[in-house]
Structure formats: structure tokens, C-alpha cells
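In the two complexes that follow, chain A is the common piece, with chain B as its partner first and chain C second.
On to the complex of A and B.
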């Protein structure tokens, strides 16, 4: 497997006088993140070494202030490491000459869809990225068309983005990234402001891009049922990676996750409690269907 | 003191090409002390509904009553000035009694310190200094912010803490109703449980009615005593969570879904498990399955004894 993203002993220390803090604030689009929390200030990232393979679907979990957003912003050089390094396809984010290549390779989606719409017509909004990269108009047209097809929004190409639902807006934002032909999409809580329908729209789109187009996805979320669908889950706490593995492996640590202020999917929790009561279901159940299967086998 | 909507409709941009009917003929009453969840997908009309409850929007037709009084009734006086004054006074009273906390309320913090931010509402009510101080203290305690936060800048707090400051600002006006529009969006599971747990306690201890707009069916099942579901501007369901969540297929078609544990109970029921009611939380499910397991084990051992005899 080839590496898409590789970070080595990444350390980030917030500094009030640093311009990057203000960049973070505007870039977050008003994320209620606590990355600026004083207690966290010393080490927002504290020796983070993460590798993401090409084509992987990785979910990062962690309570607010654990450093996940800070890490995500390091991937496309919105923030630069205080110590250590992070490479995107082997390119060091600290090298100025790499920045635009890195941002084209690893596109980023934020929480608030409204802050990410810039044009009054969907097509134009999607074309904004490739236009800035100086791509030829004919190619842009093809890219935009393909990107809208990939997120299932071709019908809306002439619509006004402000009239769309939150889930649709996020899909347009994703199309805007796809039109730049990236290798990787990094999403910082893209579903936090959406209703259940919008959430599943975005999740379906991401899974389809990952499975069919082999897109590398790094997805930050607080929804455990979304994490359950990833290839790999990384759990962060106090700027460090504290757990890593398949969703089944990670979620079977019910008590540790709760101690970290996180949840497990409800069915995993139920399995955990039933096992304590001596009911012999597997401990790594993630979905309702698996639970029904396990209980029917006992019946 | 209830809030009552009588045959309320609301139309945006009436008479323009962009005319849009957000609510049609809504009849609903919210009562004191209840914890009621309002559910519906984006664009269903929930936000319009909550803005009608405290007079931020005026119904296109129909009436809104607070404690039996029509909040938009024209004052009975000939003087234009007096009418205007009476209207303003009434609205101020309505907004004080029905507190509304918008989505991402932390974006509305602006004062230098937490205490000043919380004091903004009561100061606008022109209360005496002593009373303001007392209310700030009480409101901060209600959301679990201790004294050490008073002099802090709201901007150095975490997301969940900022949100609690914003809620305290509304509580300091001593409302009878607290309406929260997705108060847990963007918070982590711990922050979410803290805020919802505090709201539940506020209802129980202070008798404040909590109206919670939420997209999380698990949270709704866990905290609410009543669920109001809105679709396409109409009231679709209004009842106890177990009643409303028994309409699994309809809720899914509305883009809402049901809690996973309720879904599990439905599927197990279909497979012949001894489940009679709509199950809403894990504790209940755990109890049912433990009992089922015991009954099963006993049946097995009885079979064995019989076989031996």
C-alpha cells in the first residue's frame, strides 16, 4: 500500500501572537471547537504519528479539544507543525513550494455548509477551485460535470446554493473539492449541522467516492454510527493518538472510550451490557442487524 | 402558563414569486414544566414554529396565546403613541417569559466577561443592580458554571462552556419556557450529555418548560416527555415518545428515523421475541433481554429435569 498522509511526531503549540491562530478561527467557519481552550494551549498536538494509506477511509474521534481539528488542518498546510513533520504524498507541508500542490491533492471540507458556498449558481461554486488552479476552461467544464455526478447533484447544476438543504450544500462543497481532482478529502465534522437525512446523504457520498473512485477519506465526526463504517478509527485525546484499529476493535473498548468522553454505537453498548449479564453475544457488534442475528442464534 | 397556537399559518414572502408556506393551520399547546422535543427534517417548519412562540414572527393567520392572552392583540387605546408603547411593553414581557436560544448561540457572545454577558438580558429589563447580580449568579449555577468563570472572557472557553454561557444569559431573564434550537450540534458526546442533563434538571427543579429542537432521535427518546413531529409545515404527531416512535416507517419516510434501540425492539418483535411495548432506551432493552435469557435458561433446565424423570 502506498502512503497518502504520513505525520511524524507532530507537535503543535498554540501561540496567541501567532497569525496562525487567527487563520484557524476564520478557517473553522465558526466551529465550536475548543482548540483555543487555555488548558489545551501548551500542546494542541503532542507527538502525533499517523499514517493514512491511499484508498483508506479513516475516521478520527476525540472529544472537543482533543486535537483532531488541529491535526486535520495540518494535512493541507492550513497550519504548520511547531515540531515534527507531515507529508502528503511525500511532500513536506513546511516547504512553501509544495503548498498549492498539497491543497490540490488533499481538499478540505468544514462543518458549516453556508460558509463554504461562494457563488450564486451551483456550477460556478464547484468551478471556483479549479479556476483558481488555472485549469483550462474546457477541462473545468468536464471536471465540474463529473464532480456533480459523483455527488449526485447534477440536477441542481443551475440552482442557487442558498436554496439547497444542508446535506445538499455539503455535497456541493465536496463536488467543489472533487473538481480539483484530489487524491484525498479531509472533512472536519461535515455532518454536525445536518439533520439525519443530510447526514446519511453525505455519508453515502463519501463511502461511494471511497469504494468506487478509491478516494482517500479522512473524516472527523462525533457520530459513532459514521465511525462504524470506516476502515480504520483513530481516537485522539489531549493531542495524542490513544487508540487505533478497525471500528470493531476500537469500539469493543467500551469503558475506555467512555472514560475519554466518547460514546460507542448503541448496539455495541448493549452487547457489552448483555455480556456482563452472562448473555453470550459477541462483544464487537456494531449494527442492529448484527444484534438481531446474534440474539436469534441464541433463541 | 401555557403557550397556545390556534390555527396558526405562516407564509414567507406572501404575494411574491418566492412565496413559501412554512406552516399550515397548526394547533398546539405547550404547557409549563414539560420537556417537549420538536422534530422534523430541515425545512419542515420547526424553526418558524419556535420563532412564532416568542413573537419574533407574527402569524400570517391564526393566533398565539401566552397564558390566555393573545400576544399580538392590538391595545385598546386611540393614541398611536400609547398603542406603540403598549405593544413594545407586551413584546418585552413575552420575550422574557419565552426564552429562545438559537443554534450556535456562542456566536452571539460579545461582552468582555462571562458575568457581563449573562447580565445583558436582565440589564435590558432594567432590573436593580442587586437583582441583576443575584440572577447572574443563579443562572450561572443552573448551567454548572462556578464562580471562577465570572471574570473570564467568554472567548477563552471551550465550545460547550460558551454554549452554557449563552443559555445562562437567557435563564437570567427567568423565563417560564426555554426553547433550544439544536443545543448540542457540534458538541462531543460528553458535552451533549452535560447540556441535556442540565436542561432536564432545570425542568424538574425550577419548573421551566424545555422545548428542544433536535435531530438526534436517541436524545429525544432519552430526555423528552413529549414529542411533536412536524412535516411540510403540518403537525404530524404529538404524543409521548413511545407513541410517536411506534410510527417507525412513517418517521423514516419523513427522513427522521427512530432510535436504534427502538429499531432493534421492532425487529426482535417480528422474530417472535417477547417484546410488547415500544422500547426507548438501553436500560429497558437490557432488562427485557435479561428476563428473556433467564426464562430461556429455566425452560432448558426444566426440560432436563423432565427428561430425567
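On to the complex of A and C.
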């Protein structure tokens, strides 16, 4: 398989103050520095090497401040690496000539659905991206129509986003990215501000895009049920990748995940507790159906 | 209550007015405003009012909806009318203590009131029938010549459309913050004017902080969607003048002429009189 995104030893350090950064850079170069300084200027990303294949559905987990959002912003060249490099379809984000191409290839969705909509009409908002790319008006129309169909929002093309639900707004935002014909969608906690229904709407849309249109999806989330549906889960902590694998592999490490301040899907948790009590449920359980199966096999 | 304000809100129906080119509507609004300031007689106002009613009729927007939208300017209107009524000097009609209502004052107050109402309705007709993006597109195109003298026309248009998009959101947010503060015992309704103004500070501060945060996030999101100013940017909906626009232009011109005529009618009559007498003398 071809790779979509590849990061090599990505390091990112926030620099509010230029002088302090230079100290930090030497510090990361190996010179020992004081503890307090280290704590003041932590590495938001500390040697992250991640590869995402084309057509993959990857979920990145991690508690607040683990560097997952910072990583997402690197994919889109909204942030540039302090050290190391990240490539999107082989294009280096550090090179200015690539920026717009990268942003078109790897579209990005943010947490707050209200704060990423420019227009007061759904259709015009979806057209914003392709308009920026300088696509011909007729082609834009086709793209917008297809994008709205893909997220199931064609009926709302003339609606005002203010009157839509959170899940619907987030689907419009996804359509706005789709209209730019990307290869990959990066979502930075798109479900964090939504109710359960909105969450499942967004998740269903993403899975459909991934399965039917072979869209590469990098999904950052707090919700373990969402992570359970991915092809691969990457767990980050303190700017480092600490775990990586299929949901089954990752969620079998219940104790490690808890130590990182993360949960596991409810059924995995239940299986874990049952095992602790001496009831031997078989296998790595992620869903209710699997739980039911495992429990029935007990008798 | 805060969401009732109709300025800057698009009313989604189909009508000949909605279908007009935004440039026509912007020009039309300007002409209407100029017309309103030209008018100096009740007859003129009546004519302008009838034109406005006809326009509303054509736009398929319920009159009730528009009237409800005017609630927000009621205070301003009352203030203007009352101020004019008492402040203008002239022949005294009624005297209450030291306050005098003069004939001229009443006259001016009525004129000002009517002018203000029609002004606001006229402007909201533009925003009700035009989507904000169309509107800013129209303005951008109309003001394009200014680009030659380095006026950032596109940037201004973009700022306007974003402002319009965020007005309802910030309104809602103000509402929420006020409720949250009230729940913690803040009092916005009682006390002197100064006290009430002061009590708004705990509302304004979080509102501003949130607005800045939103602006920051929006800027990032726009950048992520390849926004880089107007270089190489295309439009999905390109502006084109159609037959309806030409008809509207002609009607607007007629309206403007009528308004000019109504203002200078006495003058015209006088002129005609002088000419006639002159002719008669000859």
C-alpha cells in the first residue's frame, strides 16, 4: 500500500519567546537543562514517527496535552516542525511551494463546528474551499453537490448553519473539505462538542467515506467507542507515541491505558473487571455483541 | 429576544426580489436612502411608503416578520422622536412645566420617525432578500474600481460577510452569558443607568474573549481550507445582470426622479409660474 502521511522524528516546541526557544533547542540537542525549564517548555511533540497508509482509518487517542492536536496541525502544515519532518503524499510540509497542495490533499476538520464556517448558507460554505483553489464555477457546483450527497445533507443546501444541529454542522464541515477533492481527512476532535446522536452521525459519515470512497481518515478523539471502529489506533502521551496497533491489540492493555488517563470501551472494561473477579471471558471484547457471545460461551 | 433582530438575516423564500443581482439591490438601497433624505413632504413619504410596501409584497416576505424585526429599533426611534418633539424651537402648541411641544418640533419628529423606520426597513429588505455572501460579493464587485487606489476591497468584503455570519452566534452567546451571570446573582435590570452599564462588564469581558478565540479558530480553519486572499479565487455563483435587474434599475430611476420632483415641486411650480407670467407679460 502507498503511504499517505509519514512523519519522521517530529519534534515541536512552543515558542512564545524566541530567546527561551534557543535555550530549549540546545536542551533537546542533548545539553542538560534545569528541571523547571523543561517543565515550562515541554515538547508538544517529541520524536513522533507515524505512518498512515492510503485508505486507512486511523484514530489517535490521548488525554489533553498529549500532543495529538499538535500532530494533526502538522499534517495540514498549519504548524511546522521544530525538528524532523512530515510528508503528505511525499510532499514536505516545510516547503512553501507545497503548502496549498498539501492543504487540498489533507483537509482538516476542527472541534467547534461554528468556528469553521464562513458562509451563512450551507451551499456557499461548502463552496468556500474549491473557490479558494480557483476551480471553475461549473466544476465547483458539481463538487458541492457531490460533497453534500456524500454526507447526506443535500436537503439542507440552502439552510442557515446557525439553525442546524451540531452533528449536521460537522457534516457540512466535512462536505466543505470533500468539495476540495482531498485524499485524506484529518479530524481534530470533531465529536467533542456534540451530543451522542451527533457523534454517531459524524462517525457513520466518516466510516462510509472510508469504506466507500477509500478516503484516508485520521480521527482524533476522546471516545473509545469511536476508536474501536478504526483500522488502527495510535495512543499518544507527552508528545510521544506510546501504543500502536489494531483496536483489539491496544484495548487489551487495559491497565496501561488507565495509567495514561484513558478509558477503554465500556464492554472491554466490563470484560476486564469480570476477569479480575475470576470469571474467564474469552477474547478481546470491544462491542456489546461480542460480550454477549463471550458470556453465552461461558455456560 | 435577542434573536428577533432581523437586520443581517436572510429570509429564505423565492421571489423576483430575491432573484435580483445583489449589485442592483445595493444600488437600490442607496437610491432609496437618498430618496428618503430628499423627501420633505408627507405626500413624498406616502409615495416612498407605498413603494416600500409594494417591494415587500414582491419579496414574498410576510409583513409581520418585518414589523417584528423593527422592535429592536423601537427605543432609538422613541428617543429620536421625543428629542425632536421637545428640542425644536418654534410656535408652542402645548406647554408642560418647562417642556414645550412646538408645531415645528412635532413636524420634524414625525418626519424623523418615518424616515428612520423606512430607512431601517429599506435596509433590512436588502439583507432579508440577499444572502450575506451574495451581498458582499455584490459590494466587492461594485467597489472593485477602488482596488486601483489600493483599497483592500476583497478583505473588507470578507470581513463583512464573516461579521454577518457571526452576529447571530454572538447574540446567542450574549444571551447565554447573561443567563449564566444572572444564575449567579448578577442583576442587569435594576439600579441607575451607570450601575446597569457597570453590570454589563461581566458580560462583555467573556464575550470579547470568546469572540477573539472564535476569530482565531476561524482564521485557522480558513487557512486550512486554502484561503489566501482573492488571488486566484473563483466564485461558484457568478454575478450576472438579468432582465429583472434592468427593469428594477428603471423603476429605481423613476423612484429617484419622483422623490426629487416631490422635493422641488414648490420650486418647479414657482418656476413654471414665473415663466408663465413672463410669457403672459410678453
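Quick note on the criterion: the second predicted complex is superposed on the first by the 274 of 299 C-alpha atoms of A that agree within 3 Å, B and C clash if a C-alpha of one lies under 4 Å from a C-alpha of the other, contacts with A are read in each partner's own complex, and residues count from 1 in each chain.
In this text, contacts are C-beta pairs under 8 Å (C-beta built on N, C-alpha and C of every residue); 3 or more make two chains touch, one makes a residue touch a chain.
Here the structure is a predicted model, which means the values were calculated and not measured.
Asker: Considering only touches as defined above, state whether A:267 meets chain B (first), chain C (second), both or neither.
Answerer: first
Asker: Regarding the shared-chain residue A:131, is it in contact with chain B (first), chain C (second), both, or neither?
Answerer: In the superposition, A:131 touches chain C alone.
Asker: Kindly classify A:144 by the partners it touches after superposition: chain B alone (first), chain C alone (second), both, or neither?
Answerer: second
Asker: After superposition on the shared chain, which partner residues are touched by A:278: those of chain B (first), chain C (second), both, or neither?
Answerer: A:278 contacts chain B only, not chain C.
Asker: Touching A:239, do we find chain B (first), chain C (second), both, or neither?
Answerer: So A:239 meets neither chain B nor chain C here.
Asker: Should A:193 be classified as contacting the first partner (chain B), the second (chain C), both, or neither?
Answerer: first
Asker: Counting only touches as set out at the top, which of chain B and chain C does A:182 meet: first, second, both, neither?
Answerer: neither
Asker: Could you please specify the touching residues of chain C with respect to chain A in the complex?
Answerer: 10, 12, 131-133, 161-162, 164-165, 168-169, 214, 217-218, 220-228, 232-238
Asker: For the complex, which residues does chain B have touching chain A?
Answerer: Chain B residues touching chain A: 41-43, 103-104, 106-107, 155-163, 185-192, 215, 217-218, 255-257, 259-261, 263-264, 267-268, 271-273, 282, 285-286, 289-290, 293, 296.
Asker: Please name which positions on chain A make contact with chain B in the complex.
Answerer: 30-34, 36-38, 62-65, 111, 165-167, 189, 192-198, 222, 224-225, 261-263, 265-267, 269-270, 273-274, 277-279, 288-289, 291-292, 295-296, 298-299
Asker: For a test of understanding, state which residues of chain A touch chain C in their complex under the given definition.
Answerer: 76, 78, 100, 103-104, 107-108, 110, 112, 114-121, 123-124, 127-137, 140-141, 144, 158-160, 162, 176-177, 180
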